[in-house]
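Consider the two complexes below, in which subunit A is the common component and subunit B and subunit C are the respective partners.
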Partner chain A sequence: MIEQKVMDPQQLFFEAERQEVFITGSEIVKEAVKRANVDIAISYPITPQSESMHLVGDLYAEGYVKEYFRGESEFAVMSEVIGAAMAGVRVFTATGGQGALRAFENFPNWSGSRLPLVCAFMTRGLNAPLSIQPDTLEMAFMLDTGMIILHAEAAQDIYDMLLKAFIIAEKTDVHIPVGVFMDGFFVTHTRDKVKITPAEFKLPPYEPYSSPIPVMDMENVPFRHMRDPFVMKSNFISYAAHASWQQEVLAAAERSRRYIQQYLGGLVEKENENADILIITSGTAVSQSQEAIAMAQQEGIDVGLVKIKCIRPFPTAEIQQLAANAKAIIVPEFNRVGWMCRELKSVIEDNTKVVGGPRVFGGMTMPPEMILDEIRRCTQ
Partner chain B sequence: MAEKTWIRMSGLGGQGVITCAHILATAANQEGKESTVNPFFGAEKRLAPAESYVRISSEVIHERGEILKPDIIMIFHPHVITLGKCYTMPFYEGLQPGGNVIINSDQPLAISKEDLEKLNQMQAKVFYVSATQIASEVGGTELSTNMAMLGALLGVAKVVSFDAVKFAVQDRFGGKNFVASGSTAALDDVMKSKFAKVTQLIEKNMNVVEEASKRVEEYQL
Partner chain C sequence: MNKNLFKISPGYEEIMPAEYLDLINDGPYGKNYGVDDLGTFKELLEEHPLCAGCGLALSMRLILASLPNPEDTIIVGSTGCSALAFPQVAVQNIHSLFGNQNAVATGLKRALKLRFPDKIKDVVVVAGDGATVDIGLDMVMHSWFRKENITTIMLDNEAYANTGGQESGMSQEKAVLNMAPTGKKFPKIALPEVAQAAGCAYVGEVSPLQAKRLGKMVRNAILIAREIGPTYLQLYSPCPTNYKFKSNETMQKIKDRVKDGTFKVKEYITPEAEQFLAGIEEGKK
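Right after this comes the complex of A and B.
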C-alpha cells in the first residue's frame, strides 16, 4: 500500500492547498477515490461508467485501494458491496443507466440495512431503443430508494461531492448510502479544469463502530431479519418492525441535512434569486441554463438561477422560500418524464407558475436557445 | 463579450479525433485560455463515426455536450461526407457565417452543387489537406493523421501557438499525467512502438503539424 497521511475532513475539504488539473470526469473519480481511503471497490463495466471503475482498478494496482475485483453482473456487484459494507469497511462502486436498473433491488436494501455505501451513478438513456448517451431518466427511479442523492453539475462537483459523500454517509445519525449522480459524457467524458488536494493526504479510515447498528451481528436487527425474518414468526411483529424501521431510515436522511449544509454549503446554490423569472434545475441542465441566462441578459431580461445539489433529502423549505416571489419558474431537464418538475410542483404552493421544460432526451445536448425561448415566453 | 472559437471534429474511430481534441484543448489551456473538450461516439469500434468538440473562450465555459454551432469544422476522413459517417447531416450543419471547413482528402470531394452553394451563401471557406499522406511521409505512420489535421487547423486559424501544441503533445504522450484506458491504451502502445523514444515521437509529430500547416489549401467555392 502507498503511504498517505490522514487529514481531518474539514481541513481536507476547505483548507488544504489545491492544484488545478485538466482531466475528464472519469479521471476525477479516480482522483477522489485515491484520497478517500477506500478499503474495497467492486466493479462491473457499463458505458459511460466503465472508464472510471477501470481507473479505480489502477488505484488498486498502485496501492491506494486495499481490495478490488470485478463482479459477475451489476446485480452481483451491488449485492457484493452489501457484504463488504456489513463487514465494516469503506466501499465504493459505480454504475449507470441499465446497469443501475439491473441492480435495482439492492438499493432499498442498502438503505434499509443502514450501509454507508458511496456509489457514483453516471447517467445514460434507458432502453429501448438502445442508447449509451446521457439522459437523467434513471434518477426518477432512484428517488425513493432511501439513499441520499447528490447531483454533480460539472467536474469540480464530482471531486468535492464524492469525498464529502463518504463523510456524510458515515455519520452515526445518518449512516445510509449516498448516490453521487453525474450526467454521462457531458460530465464524465468532458475534460475540464478541477482543483484537487495533494495526493499524499487522505480521509480518515471508516470507523465501523460509528455504525448505529451492530456490525454483522446475526442475532440483532437489522441483520437478524435475514436469517430469521419477522414475517416468518408473526405478522404483527413484522408490521411493527417495518413501521418503525422505515421511518428511521427516512429520519436518517432528514438528519443528513445539517451535514450537507456543513460540507456542501447547502442543498441548493442560487444566483440572482430575486428575479421575476427563476430557472430551477440540477446537473448539466444548470450549465446550459447559465449560457441561456447570459443570452437573456443581452436582451435585457433578468433571470435567476437555483442549482439543486441535493435531491434526497429534497430542499423543500429552501425551494418554497425561493419560489414564493417568483412569477415564473422554468425547469429544464435531460429526461422525458420531467421528474424534477414533478418534485418542484409537489412542494411549491402556487405550482401553476412552474413551467415544465424544455426537455431533451436520448442523448442530445440542450441548446441554450431552447431555454432562452422559454424565458422569452415567460416575459409575455 | 467572450471571444469564442467552437470547433467540431468529425472522423472515424481509431483516427485520433478525441486525442487531437485533447491536445488542442490542453494547448489552449496552456496559453491561459479557457477550454473544454468532450467526445461523442456510439459503441466504440474502429471506423465508426466519432466526433469531438473543443470549446476555446476568453471566459469560463458552461455549455456542455456536442457543439451545434461550430466556427470551424474539421473532417478527418472523406467517408464522413461521402458515406455520411457523421452525427451531423449535412456535415456543415450549424456552421456559423464565415466559418471554416477543413477536409482531409488528397483531392476535392464530389460535394453536391447544392451543398457548395449553401456553403457559399454562408460565406464559408473550405480547405483541403492531404493529412493522411503528410502523416505517412513526414511522421512515418498514418496514426499521425490527427496531428496533420491539427497542423492544418493552425494553418487556417491561429487558435493556439505551435509551442503550446508541443507542450500538449509532450503532456499527452511524454508525461505521467495521462493514463490511457481500453482501446486508447492499445493505440497509444502502437503509436509509441513506431518510435525508439518518446522524444522522437514528439519531434516527428511536430514536424507533421508544421508541414500540414503549410500544405493546407483553400478550395474556391
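Right after this comes the complex of A and C.
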C-alpha cells in the first residue's frame, strides 16, 4: 500500500492547501477516492460510469485501495458492498441509469441495514428505447430509498461531496448510505477546473465499532444483524418494531442535516435570492440557469438562483423561506417527470407560482435560451 | 471472538435469561464439538419456530453442531423458512435479500480478510433451494467462478416452502405443486454437477438421515473453503407441511428416496483438497 498521512477531516476539507487541476469528472472521482482511505471498491461497467471505476481500479493497482474487483451485475455488486460494509470496512462503488434500477432492491436495504456506503451515481436515461444519454430520471426513483442524496453541479462538487459523503455517512448518529449524483456525460466526460488537496493526505480510516448496529465480525456478542424474529410475525409488537426501525432510518437522515451544514455549508446555495423570479434546481441545470440569468440581466430582468445540493433530506425549511416572497419559481430539469418540481410543489405554500420546466430529456442539452424564454414569460 | 466479551458482569447472573447463561457455561465456542456431542452441550440454535418434523430444522441443527470454529463463523442466510430460525442462532448471521446471499458473503469474506489477516473467519452461506438454485443462481455460480473462500450449503426441501409450497428448480420432475398445477415439466437441477464444473473444490450431497456423515461433510466443506476454494453442500431436507406427510415421517421419506434411487449420498473432492484434508489428518497424529 502507498503511504499516505491521515489528516483530520475538518482540516483536509477546509484548511489543506489546494492545487488547481483541469480534469474530467471521472478523473475527479479517482482523485477523491485516492484521498478517502477506501478499503474495498467493487465495480461493474455501465456507461457513463465505467471510466470512473476503471480509474478506481488503477488506484487499487497503485496501492491506494486495498481490495477491488468487478462483480457480475449491478444487483450483485450492490449486495457485495453490503457484505463488505457489514464486516466493518469503508466501501465505495458507482453505477448509473439502468444499473441503478437493476440494483434497486438493494438501496432501501442499505438504509435499513444502516450501512454507511458511498455510491456515485452517474445519471443516464432509462430504457426503452435504449439510451445511454444524460437524463436525471433515475433520481425520481431513488428519493424514497432512505439514502442521503447529494447532487453535484460540477467537478468541484464531485470532489468535495464524495470526500465529505464518507464522513457524513459514518457519523454514528447518521450511519446511512450517501448517494452522490452527477449528471452523466455533462460532468463525467467534460474537463473542468477543480481545486484538490495534496495526494499525500487521506481521511482517517473507518472505525467499525462506531456503527450503531453490531459489526458482523464475531468480535462482539453473537447476534443477528437485525433482531427480526418478531418482525416476521403478525401482531402489533412486530408492526411496531418494524415501524420504529423505519422511523429511526428517517431520523438518521434528519440528524445528518447538521453535518451537511458543517461540511457542505448547507443543503442549498443561493444568490440574489430576494429577486421576484427565482430559479430553483440542482445538478447541471444550475449551471445552465446561471447562463440564462446573465442573459436576463442584460435585458434588465432580475432573477435569483437557488441551488439544491442535498435532496434527501430535503431542505424544506430553507425552500419555504426562500419561496415566500418570490412571485414566480422556475424549475428547469433534465428529465421528463419533473421530480424536482414535484418536490418543490409539495413544500411551497402557494405552489401555483411554481413553473414546471423547462424540461429536456433523452440526452438533450438545455440551451439557456429555453430558461430565458420561461423567465420572460414570468415577467408578463 | 474474544470470549471475554461474552461474560456476564458480576451481579447480573441471576437476571440474565437461562438460555443465555447456558450458552456461556455450556456453549460450543472453542470446544471443537461435533454431531456426536449433541445432547451434551447448549446448541447454537435456541429452539426454532419451524414446523414439527421439518427436515430443514434438523439439517440446521446438524450444521450448527458441526461448525469447526463457531466462535469465528459468520453465516449468511437468505429469505425462506430458514430465515425464521436464524434470529435464534447464536453466531452472527445476516439476512439481506432473497437470493443475494453469495454476493453478500463475497463482500463479507473479503472484508474480513482485510481486517483479520492472521485470524480464521469462516463465512458460511446457508440458504434454501429457491434462494440458491433459482433467484440467486447467478451470484452463487459467480462466487464459485471467482474462487471465493466461502462454503455454500443448500437446505433442499424441493419447494418454496415459506411462501406456501411452490415448485422450485430443485423439485422433482412431475411433482405437482403450487405454480406447477399439472406437474413440473423439467428435472431437478443438477446443481452438484454444476458446482464441480464451476470450480468448487469440494461438493457433497447428504441428508440428516446420515447425521454423522453430514457433520463430517460440513466440517470438510468449511475447512477446504478456508484454504483451497469454494465448496458446496446440498442437504436433502424434506418438508412435511408442503409435501403433506406426517411430521414423524421425515426420515422415512428420505429412506424411500434412497430406496427408489432418487437420492443418494455423494461426495466430490479435487486432488488438491484431498491432499489438504490428508495434511490436516497427518497433523493430528
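One rule holds for everything that comes next: the second predicted complex is superposed on the first by the 360 of 380 C-alpha atoms of A that agree within 3 Å, B and C clash if a C-alpha of one lies under 4 Å from a C-alpha of the other, contacts with A are read in each partner's own complex, and residues count from 1 in each chain.
In this text, a contact is a pair of C-beta atoms (placed from the backbone, for glycine too) under 8 Å apart; a residue touches a chain by one contact, two chains touch by 3 or more.
Only a predicted model underlies this, so the values are computations on that prediction, with no experimental measurement involved.
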item: Touched partner set for A:Q98, first subunit B, second subunit C, both or neither; value: neither
item: Subunit B versus subunit C as contact partner of A:I40, first or second or both or neither; value: second
item: Which of subunit B and subunit C A:N335 touches, first, second, both or neither; value: neither
item: Contacts of A:G88 with subunit B and subunit C, given as first, second, both or neither; value: second
item: Touching partner for A:T197 - first (subunit B), second (subunit C), both, neither; value: neither
item: Partner chain in contact with A:S211 - subunit B first, subunit C second, else both or neither; value: neither
item: First (subunit B), second (subunit C), both or neither touched by A:E291; value: first
item: Of subunit C and subunit B, partner touching more subunit A residues; value: C
item: Contact residues common to both interfaces of subunit A (with subunit B and with subunit C); value: none
item: In the complex with subunit A, residue positions of subunit C that touch it; value: 1-2, 5-6, 49, 71-74, 76, 83-84, 86-97, 100, 103-112, 114-116, 121, 138-139, 142, 146
item: Of all residues in subunit A, those that touch subunit C in their complex; value: 39-40, 42, 66-67, 69, 71-73, 75-77, 79-89, 91, 105-106, 109, 113, 208, 214, 216-229, 232
item: Subunit A - residues contacting subunit B, complex; value: 21-23, 27, 47, 50-51, 54-55, 58, 132-134, 154, 183, 185-187, 189-193, 284, 287-288, 290-291, 364-368
item: Subunit B to subunit A touching residues, read off their complex; value: 22, 25-26, 29, 34, 36-40, 42-43, 62-66, 68, 177, 179, 181-182
